[in-house]
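Each of the two complexes below includes chain A, the first together with chain B, the second together with chain C.
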Partner chain A sequence: MKFLVCLKQVPDSTVRVKVGGDRRSIAAEGITWSISPYDEYAIELALERKDADASTVVSVVTVGPARSRDALRQALAMGCDDATLVTSEADLSALDVAKALAAVVNEAKPDVVLCGKQASDDDQGLVGPALAEALGWPHVGMLTKLVPGASGLELWREVEGGHEVWSAAPPVVALVHKSEKEPRYPSLPGIMKAKRKEIPEKDLASCGVTPGAPRPEVALMDLPPQRGQGKVWKLDGDAKGVAEQVAKALREEAKVV
Partner chain B sequence: MDPELPEEIRILQKTVRQFVENELAPHEREIEERNEIPRAVIDAMAGAGLFGIGHDERWGGQGFGKLGYCVAIEQAGRANASLWNVIGASAGLCGTAIEIGGPDEVRERYLPRIFAGEMLGAYALSEPGAGSDAGSLKTAARKQGGEYVIEGFKTFITNAPIADVFVVFANVAPDRGSKGITAFVVERGTEGLTVGPNDEKMGLHGSTTAQLFFSGMRVPAANRVGEEGQGFRIALGTLDVGRLGLAAHSVGIAQRLLEASARYAKTRVQFGKPIAVNQGIQWMLADGATEIHAARLMVYDAAARADKGERITQRAAMTKLFATEMLGRVADAAVQIHGGMGYMRELWIERAYRDARITRIYEGTSEVQRMVIAGGLLEDA
Partner chain C sequence: MKVLVVAERKDGEVRRVTLEMAARAASFGEVEVVAVKGERYSPLTHGAAVADRAADADLVLVGATLNGRDLAARVAAKLGRAYAADCTDVRVGDGLTVDRPMYAGKVRATARLPLPAVASVRPGAWTLPAGAAAPAIAEIDPAADDGRLRFVRFEPTASGGKRVSLAEARVVVSAGRGLKGPENWKIVEDLADALGAATGASRAVTDAGWRPNEEQVGQTGKTVTPDLYVALGISGAIQHLAGMTSSKVIVAVNKDPDADIFKIADYGVVGDLFEFVPAFTDALKRVRGT
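== the complex of A and B ==
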């Protein structure tokens, strides 16, 4: 079976994000970039299939600026077989990204396309469904597990208070919520092997995409307001008395109970 | 000159950092309290390939060169310093000595297992009368048929209590001074080898250290590393790499101390405001950040040059001197910024302060580094 995982390079979750001078984007200086966490889960799910059946091929693709090559290299080091970079220095709309990915999918002809359910930078969650739409493929969201089943694939998805098992015959697009195991570290031999792999590069034109799909624009980006100082009460009395005073303060002053 | 690390080294950096923070750092306190590293933790480091980083793939190493070696060690500095000490003494010193000295037959026999972490190594150079002046060592080796008979003793040997294999330096021709020094691989269990009890140290409590005693110890000639009389050259070449590693480790430890100090300074409120607003604290942090930056560049520069095949004795000495002295200052400032809490065992800061002190002593004291630097300088003048 052939998997194609679509990933996005985003600011690492440990980065303290700052708002840029234009107040419509983040300040890019000094940022460490990583694979978006949900995309890492998607890679892990695909690689688990490869662990179980060595004939499985796991490819990765991203649409993004040249620095995104690092994220693809990271995926190769984790054990993916090949990678494709569609370069665009401009910030694209979800629809344009989906169209470019669709061109790569049509060329690579995978059985299963996995995407993280959303990227951790803008949290829009648009690219996966748009890609399924562009391809005309069925689409399943909130995936947590993927196993071969009688009629193709068993797709486990998380729902409120439990899970559902769906079945689908490939080809299918699935959006990953989580993997059972944490995404693996690259192995050291994997890093050396990844170093020797070519990552072919395409541009939007070769994917047949002219960017410009309609999109909303960010009007303003702001950090949450600074939290105010806490308040210290000096309370006297026994435990019951103190508890009563705290409950009263929480209800009447803080208005939280 | 490319100021950016190569792509594969950046992935290595991130991978080692995640491993150290997620898998090793949670054991820090346990290691300190038990005075030992649980074997499962050593095995986890072996499983992750840490023992082989920077060593030749031909001998079972992971590759990545000395730059990768240093970048990885820097990240290893983000957990208990004892952890890297075990790897540094095993693969870094014992392994490097065999890698440098050869012959291939000895390399093939030991290196793949040392670089896989299946076999732990130790490096036995220091003696009670031969520390900084290693060339004056008294342990003697006498050839007898196809064997050498070794007599003498060694002191402060890191990993000795747990090592499977030792590189032992002994003199085959004491009248020729350091030119008689020869290296041998000695396996644990060899008759005539006695390992003393674990030494009690100021810091590095998880890392074990002991004396070795050799009494009529017979070592096959096939276990000789390099030729007779090449031992001192092998020892010095090994120390160039070891010093670089120690400098990289110092950078990583200092970086972690600086980050913890900055965080603490922002949250610790005195006189109604965080102490971070005080210029006295800010200057400590600024000086630390500046010195760490300088030391890191020195490490990367020397490592990249070593990978190009340059001899780095001078640079390794400068880097080790500056990075370890820098760590001393940063660790001292970290305790100062943390105040009373910095002196308490509850935090890891006081442990890091104690652990840091040895870096200015082992693998060549700061004074020996200055001797090496000045020696080279005057030779070229």
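== the complex of A and C ==
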């Protein structure tokens, strides 16, 4: 079975983002870049299939600026087989990204395309469904598990109170929420191998994309209001007394209970 | 201005977020509320049905629930329209202006969208006016099912109780690794019961399998904005804060006085949660007279 994982390079989850001087984007200084967390889970889910069946092929693709090559390298070092970079320095509409990805899918002909449920920069969750739409394929969201079943693939999706298990005949797009295991770290041999791998590059034109699909334009960015240091109690053996005071403060001062 | 509000039901009842959207959208223009028939959501058959009905709508509003976000994205893609997810406000006039989180909730952004557009709206973003009349809901048929996706079965989460859902709760009680193990969860539940709260967890807790994934709060879990968030034995890693820092009031209990969670807590208790929590539960019952 052939997997294609779509990934996006985003600011690492540990980055304390700051708003830039234009107040419409984040400040570029001090950002370290990583694969978006849900995309890492997607890679892990696909690689687990490969662990179970060595004939499985796992490809990765990203549409992004030249620095995204590092994210692809990281995926190769984790154990993915090949990578494609669609270069675009401009920040594109999700619908245009989906169109570019669809061109790559049509060439690579994977059975399963995995996306993250949302990228942790725009927090939108649009590219996956838009890619499925562009391909005319079904999609399944909130994926946490993927196993071969009696009649096609069994796709587990997290819902309130449990999981729905769906069966799909490939090709299908799935949007990953979590993997059972933590995403693996690249191994040393993996890193060496990844260094030597060639990453073919394409541009938007060769994917048949002329950017311009409608999208939100950020007008203003803000950080959530700074929260001041609040009131602090030390227990010092008087749990009952402190509990009484906190409960009272919540009732009379904060008025939330 | 024509607004299409997509209704969602849970256990046969219309979700509150549907009512919130219908009430607010009345100030935007002409509103139609639709629900897709059938009890199980499928992106293929529901997406096509809603997109079909939305062809002449200027704005489509969907609740930013799990299924709502999935549906809204597919509908926007199908119609080739601008889309904004998880909005905390939507304003009409010279296009559309929305407020929404970005960067895993670390940033609040205001964005402009050209009309026609699709937006998913966070439950609780709009307060439901007292005495708002329930909207009339037009039932629409799902599109024909071509069988490419087949629902097989439902696997309930073993510990999934009948609590308020995390995303909609006005009070959330969350616990972290400081709880030591799943066997101690009872004190969290007792406190949550005393407050009528939903329970949440840090990723350390969900990864360890002490609690189901769906309770995880943070960057790779849920973003919550309750009136009261209680963090028990949670250190306050940046990824956890991303999911709860916009809560109105935050209470933190941690035995480490230097824990980062205290930097954002309105009320902090330095000490052993196992001593404090049962006493707190009792004290709350007393002040609330329950």
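Heads up, the rule we're going with is that the second predicted complex is superposed on the first by the 240 of 257 C-alpha atoms of A that agree within 3 Å, B and C clash if a C-alpha of one lies under 4 Å from a C-alpha of the other, contacts with A are read in each partner's own complex, and residues count from 1 in each chain.
Note that a residue touches a chain if its C-beta (ideal position, glycine included) is under 8 Å from a C-beta of that chain, and two chains touch if they have at least 3 such contacts.
Keep in mind that this is a model prediction, so the values were computed, not measured.
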Chain B and chain C placed together on chain A: clash or fit? fit
Inset, instruction - Kindly classify A:Trp233 by the partners it touches after superposition: chain B alone (first), chain C alone (second), both, or neither? - result: second
Rounded in steps of 10, the angle in degrees at the Cα centre of chain A between chain B and chain C is 120
Report task. Check the residue A:Ile31 against both partner chains and state whether it touches chain B (first), chain C (second), both, or neither. Result -> neither
Max touched-residue count on chain A (chain B vs chain C) belongs to chain C
First (chain B), second (chain C), both or neither touched by A:Ala94: second
Chain B versus chain C as contact partner of A:Ile199, first or second or both or neither:
neither
Smallest inter-chain Cα gap (chain B/chain C, superposed on A) in whole Å equals 7
As the complex stands, chain A meets chain C at residues 11, 13-14, 16-17, 19, 26, 37-38, 94-95, 98, 118, 120-126, 128-130, 132-134, 137-142, 144, 149, 151, 154, 156, 158-169, 172, 175, 177-178, 182, 213-224, 227, 229-236, 239-240, 242-244, 246-251, 254, 256-257
The answer for chain A against chain B in the complex is residues 34, 69-70, 73-74, 77, 185-189, 191-192, 194-195
As the complex stands, chain C meets chain A at residues 10, 40, 43-44, 47, 66-67, 69-70, 73-74, 76-78, 80-86, 97-98, 100-114, 117, 148-157, 160, 165, 171, 195, 207, 213-214, 219-220, 227-228, 238-239, 245-246, 248-251, 257, 262-272, 275-276, 279-280, 282-284, 286-288
Given the complex, residues on chain B that touch chain A span 7-8, 10-12, 14-15, 18-19, 48-49, 52-53, 57, 62-64
